[in-house]
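Everything on this sheet refers to the single structure shown next.
A, B, C, D and E are the chain letters, set down in written order, and residue numbers restart from 1 in every chain.
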Amino acid sequence: AQMEIPRGGTVIVSEGQQAPFQAVFNPYNPNPTRWTRMSMFEPLIVFNPVGGEPNYFLATSYTYGDDLLSLTFTLREGVLWSDGEAFNADDVVFTFNLIQQFPGLDWHGLLAFVDSVTKVDDYTVTFNLSRVYTLAHIILGRFWPLPEHQWSTVADPVTFANETPIATGPLTNVTAVNEQVLEICRNANYWGRDEAGNQLPYIDCMRQPVFLGNDPANLAAVNGEVDWIGNFMPDIDNTFVAADPENHHYFFWPGGGTVQLYVNTTKAPYSDVQFRRALSMAIDYQSVVDIGMYGYTIPANPTGLGPINEGWISQAALDAAASMGLGVFDSAAAAAVLDEAGYVDADGDGWRDQPDGTPIVFPVQVVNGWTDWVTSVQIVVESFQAIGLNASVDTPEFGQWLNNLQTGTFDVSIGWSASGLTPWDFYRAVLDSTLITAEGVANGSTWGRWVSEETDGYLTAFVATADEATQREIMNNMQMAYVTNIPAIPLFPGPTWYEWNDSRFTGFPTEDNYYTQGSPWEETFGARLLVLLRIHCVDDTSCGQG
Amino acid sequence: MAVKLVDEPRLKVRNLQVEYHTRRGIVRAVQDVSFDVYPNEVFGLAGESGCGKSTIAHAVTRILKPPAYITGGEILCNGTDILMMGTETLRRFRWEHMSIVFQSAMNALNPVLTVGEQIIDAIQAHVLTPKKQARQQALDLLQIVGIDPGRIDSYPHQLSGGMRQRAVIAIALALKPELIIMDEPTTALDVVVQKQIMQEIRQLKNKFGFSILFITHDLSLLVEFSDRIGIMYAGELVEVSPSREIFQNPRHPYTMRLMNSFPTITGPRQDMLGIPGAPPDLVSPPSGCRFHPRCSVALAGRCQEEHPLLKTVSPRHEVACHLAESEAVKHGG
Amino acid sequence: METSQPVSAPLGVPQPKPTRRVQLPDWMNSILRNRKASVGIIILTFFVLVSLFAGQLTSINPTRRVGRPHEAPSAEHILGTTRDGKDVFSQVVYGGRTTLFVGFLTGTIIIAISIVMGLTAGYMGGWVDEFLSMLTNVFLILPGIPLVIVVAGWLDRPGPATVMIVLGAISWAWGARVLRSQTLTLRNSEFVAAARVVGEPTWRIILFEILPNMVSLVVSSWIGAVQYATLALVTLEFIGLGDVNIVTWGTILFWAQNNQALLTGAWWTFIPPGICIAAIGLSLTLINYGIDEITNPRLQRS
Amino acid sequence: MAAEKVQPILEVKALSKDFVAGNVLTRRTVKAVQDATFNLYAGHVTALVGESGSGKSTIVRMIARLYQPTGGQILFKGQDVAHDRTRGRLLKYRSQVQMIFQDPFSSLNPVHRVRHNLERPLIIHKRIKRRQDMREQVHSLLRRVSLTPVEEFADKYPHQLSGGQRQRVAIARALAVEPLVILADEPVSMLDVSIRLGILNLMAQLRNEQNIAFLYVTHDIASARYFANEILVMYAGHIVEGGASEELIQNPQHPYTQLLLSAVPDPARGLRTAEVEVVGEIPSLAEVGLGCPFAARCAHVMDKCRKAMPPRTQLSETRWTRCYLYE
Amino acid sequence: MRFLARRLVFYLVALLVAIVLNFLIPRLMVGDPVQLIIARFQGRIEPSAVDAIKATFGFVQGPLHEQFFTYLSNLLQGNFGPSVMNYPVQVSQVLGASIGWTLRLVGTATILSFLIGTLLGIVAAWRRGSFVDGYVLPFLSVLGAFPYFWFALMVVYVFAFNLRWFPMSHASDISLRPDWTSWPYVSSVIEHAVLPLMTILITSVGGWMLGMRNNMIGVLSQDYIVMAQAKGLAERRVMLTYAARNAILPALTGFAMSLGFVIGGALVIEIVFSYPGVGFTLLQAVGARDYPLMQAIFLLITLAVLVANFLADVAYVLLDPRAR
């Protein structure tokens, strides 16, 4: 008894600054054209970043073997590739074997824990794991099966551009890809249906113009030329919203990775937990968030975990943090901590020195041109200077900055961290000492060079069990270790830019009904797929001209 | 070569005054100058650098541009006042009746056009002539001035200095004017080439019967080449006379000193004095006779206060000097 | 195709002037008498004074937050505040100081290299000249700004020093070429030959005979270089290749643009620095124009 | 003017100069001066006349050690200086051989006062014992060239001087070192007729009073007659004739000298002189071959003229020429 | 023609220098492109996958001279390799699209600016003190003092955003299919080019005008101009054939040389107008350490400037017989 949902229309998308498009529709390319992943190519299962519930796409269920060393997916029946061929287990098996054959395709890092794949029947496959790894279903779930009938003839899938893609997703028909615009239209064979049995998606096409800077992208958004937006916009209420309060909306869910201040824990005085504690207490978090981040996020939780892991946060850890004064702006208290630990101005130059008299001078590194971070760091440095620490802002170029962090040639720096459906991803990225190699940090954000058997132990234990209670206990301990040791100083969870214009299309996630992360650029958790399948024209006339 | 002075003059300059308005003040470059040029005559104008010779030449052709202003006088060519002509009349008049050869041929030719084009330009600007015919005329003109007509398509830089000067003369002759003004046409050239060109000019003059207003500071050349000579000093004409007369019997103290300033190759080898001092600044010229500060025979009061006017002292010989009448001059100098 | 020296120096014996040595050099006098140049000098002096007395003009630290974000101009904040609450007026004043300083220093570096290259090539002649001229011409032809972008990206820390080095290293060619040809002319002039006959050593000839005659050319090339450097600096900073941490007119614009000053209506962060840059550019143009007029009197109108 | 022809103070022997003109692709050699031989004597003026581009300045500049000769010798007081580049000896030479340039408007540096121009040679050549003498010395130099009042002139800049005054400053500069030889490269050709004589007379006075040897370069043969004891005629890089000046002018021997003299305008010779027949123009020095450079324009040209330059033929004690007609 | 031959030799040398610079500069940069690609995953990528990426790009790190010869031989084959940012798309393909837009925009703007500036300069010199000389010239000089980008932003804000007279971004209407034979497309291209073109024109025309005016004034005082006027030639002929043709010669060299600068200036304009040109691509390539792309762009710009210079030389030879 639902109202007929209007169909058709071209939704116009903007992600802020965007490089000109090239026709690279190989999802296993390091950097394929936008909308290749999670709209053209579908995963097996993705877990909603908001709430974490599974959304089944090419699989309909998954089960671990009793020994946790195998993972079986039941595949969806009746799915057709965009060229009309049927999708089945052979495609999944083929794709994994292809990855094994060409490790250059292994973006998900599957080979680190998957040994082989077995086809059970046409719609069942079993992955045989090389070790117990209870996050396997999340990672394997994101893996994109390729059409065997097309890719089996591809000589080198690593360098294959795949200009005419064959995929199962809702948008597969590329109608324009050039230096100015990308336009992809619906897959006539798409399997998805809404409750009323209507074929999905409702929209005909997605069009993303190239904006070479944030500025033109924002002007276009303010002008109402775009429908689905992932731009950073300063002063958004007075510009974007004010231009059309009725239809222009935004919601910057702070569900991104936590931005932290990393200190090089191998060097004095940063190796001293009291010093780090003082730093944490000295920072004016509210100003950082309000000024540096335009008020678009919230101060971070001392455990480092953001809203995406809300359900995991341990009250005990929070209490411990509170008793230490962490994450609360209090210059006087911070100064007192430093005084007590012996960091006083020994040489009378107005700045504090180390207990042995060595002057403390440290630049806080931040990438040149990342203006929100630069402003944040400026405020952080002001806070540090206020308690007598000789800090300054240093803005190397991105490449240089990254290199400094990877090789440990820095004292203090702002930096990102990973986030995932469980806190494991965050702590793994920040603390896993196996990621620190002689040449530098392999990957992740273990820039603080924190080495501890305790935390390493929690990380391995967590993925070795599938029992949620055990996992929660491990994570509680982990959080406690984080707040007592302060290996990094969390500043704020990363906001996710997302605006929408209701005048032509509707069905976007709203603040009240935030059914998934709304940003059109979101690719990791497949949130984009969920939005794509829901949006539709407001009425029959609203998006006729597209 | 006697010139019949009974004819009406081709060019009559009367009380010409030219000023340059500069930052330093008004430069009175030409002050109350009058002279005539008769048909088939070469009238020479000489004087030190900066005395206003070129200014007269430019005034006569009316090509002076600000900051130069003609502030008085008449310039009659064949009876019509050039200064009264409208732009279009002047454009037509010029070159058909009167042309000019500039001080330096190096700069008088447009470097990016061939010699032929520049001659043809002149012809076509005045007479509606088909290109072919104009080119033929240009070839003839080159022949006349002694350039191999094969060089018609040469650019100025491909010609030697002498050839360039000839080409400029060819342009000046293009419309067979009655009067050609030549402002130091040979200063940049060697004597041998100078000689050649001067000979050719003379031949052409005899052949076509035009008059020449000839300007130079090379007195030897002037005396050898002109029929009559006007000597200028500081913007004024101080003596006008037939050339032989002025050479042998100069009457103005300045002329006398001038004639005594250049050694010759055949005359007696004697000590010469030149003229002490330097020409005056034309912004604030000396009072009275402008030459008096440098004149060794100046009369104490009179020359400083009273401005001498051109007076006829003997037939066809005019001098502007208070002493000209008195015999004292002859022994002064 | 040599043109002979015009014989048009002032004629006559000028009246002896009783003034003694405390005279300004002639060219300076002429510059001050030229209207365009003096307007340019007045504008420039104004900005130089503002930079010098920045501390007296405003007591507000340009890098401190002193107000709410994007406050409109008021008595307290004459030009309002930036998005992060800093005082725009004091930023423009202090930013001008850095911009002018770096612009002039860079211009000076550029012209110093030009002088060394140009004078060496012009005076030494021979293969030294051939080599240096070739080098000059090559640098003249290499596209400057793209090269600066590439090189600035290579140096690890952007900032005024980087820009100075990079601009200096690749922008000297124009000046070198002009100065070389002038040196060549002067070197062949008779007074240089006269100095050699008198027995002046080479270094004295270059420093005391040739260089003083190029003062107006050096000054005008220098001004051109300063203008070029200032504009290049501001442009590079604007596109994010400068150090966004320090306050210059370029970075004020960078931040204004980043905070979408025009869209949010915070024109006061965008218009004033733009006008200041234009005013400096204009003043330098006017000065050079004036110098042009002085050295080429034909350009003057009586 | 009976200058004793004793020992020449400066001897030029078979001097030649090749210039390399053009760039790498258009390289060609210009033989500016070939086989020039003559002497300068104290108190004696030797004039070098010839058309523009004939190589006069090149000879002067080689003697002034501004150009390095390609071949030949310059003997000063019997010593070859052409190939001596030691700074000390070069300075010594310069203190005895000085030069006056053609263009008084460019031979004085516009940025220096008159005083500076006179002080420098005094300082460089240590002609001054005490600093205090400097002022007096400068003034006496100015007095010698009749630039009075000296105080005033010493402080002037060149642009405040007239052409003649500038040339006087240039002469004073040359005199500052008390030279034995002065090389004057067309010292009056840029000056007005009326001023020329003043300068020529000044130089004549110096020659007479200080016994200076002059090399007087000019294209105005009449002034050479007026000022010089001996005249050398140059044509396209070669000195083609030489001799006592009056004799040479009244009785030119070389066909080129004859042509030159006939072309000089001379009112005293009587107006409307015979018209001369001249063909061609001075050849480009880059193209001169082996023979006599005047062959192409010469009315008396013979076959051998085109093959080799005629040797020097002594016509009398004071005259010589290089022409096959007189061999 | 000897002149041109000599210039050609020079251009070859210049090109060689550019090629060597081009080879060296990126190699001196810190940070390798693979690291940057990995960094984009902000820690969400497994360490084991890092090797996969490195393998994908297969960067060879031989000794420098070997690298240089590979680079040279690839260059000679016109093969710049794949772009890192757009892997595996070839650099030539990445550039193919943007170079056209830049050449069209900057080319048109530069030529127009030169022509208009020169023409105005001629008029200003010919009629000293007239409206053009007394008002237009100072006005354009003031405009020329503003930085390109500042002006561009103001223009976008006023004429595109507020007044909506012109489109704000892109080189054509993006809903139209590129088709140079269809009028709607071509007209949209023109419409989109108006603002960026005007910005370049307005800020650069004053310089040309002033230069030409001063050259022209110098030429106008030459004897041959006076003589041409005295000859009675028509004013137009004196102005154009006698005066302007001589006055334009020094400007020609400057014109060619300015191209390098204009491309730099256009870069900022491309960003402001989202004009998909090569300047923006360069900036991006530098940010992403996309060496092959950077090198290709820099070489391309250099080549364009060299070609422009050569054309200017040819024009010079055509206009000035002395250079022949």
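The rule is simple: a contact is a pair of C-beta atoms (placed from the backbone, for glycine too) under 8 Å apart; a residue touches a chain by one contact, two chains touch by 3 or more.
Keep in mind the model is a prediction, meaning the values are calculated, not measured.
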Problem - Identity of the chain that, by mean CA position, is farthest from chain D - result: A
Completion exercise
Computed over C-alpha atoms, the centroid farthest from that of chain B is that of chain A
Practice task
Give, as an integer number of Å, the spacing between the C-alpha centres of chain E and chain C.
Solution key: 24
Handout entry: Geometric centre distance via CA averages, chain E-chain A, whole Å
Key = 39
Problem - Separation of mean Cα positions, chain D and chain B [Å, integer] - result: 32
Handout entry: Where chain D and chain E are represented by their mean Cα positions, the distance between them in whole Å
Key = 56
Practice task
Please set out, as single numbers or ranges, the residues of chain A touching at least two other chains.
Solution key: 215, 219, 222, 397, 400
Problem - For chain C, residues that touch 2 or more chains besides their own - result: 1, 7, 10-14, 153, 156, 257, 263
Problem - Where chain B touches two or more other chains at once, by residue number - result: 49, 107, 157, 278-279
Handout entry: Partner chain D, residues of chain B touching it in the complex
Key = 1, 48-49, 160, 162, 190-196, 198-199, 217-221, 223-225, 243-244, 247, 257-258, 261-267, 269, 271-276, 278-279
Exercise for the section: Could you please specify the touching residues of chain C with respect to chain D in the complex? Expected result: 5, 7, 9-14, 16, 189-191, 193-200, 209, 212-213
Practice task
Can you check the complex and tell me which residues of chain A touch chain E?
Solution key: 19-20, 22-24, 29-31, 103-109, 111-112, 158-161, 176, 178-181, 207, 209-213, 215-216, 219-220, 222-223, 257, 397-400, 402-403, 406, 416-418, 420, 425, 429, 435, 442-445, 524, 546
Handout entry: Interfacial residue positions of chain B with respect to chain E in the complex
Key = 61, 63, 65, 91-92, 94-96, 99-100, 102-104, 107-114, 121-122, 125-126, 155, 157-158, 168, 171
Completion exercise
Interface with chain E, chain C side, in the complex: residues 1, 134, 137-138, 140-151, 153-154, 156, 231, 234-235, 238-239, 253, 257, 262-263, 270, 274, 277-282, 285, 289, 292, 296, 298-299, 301
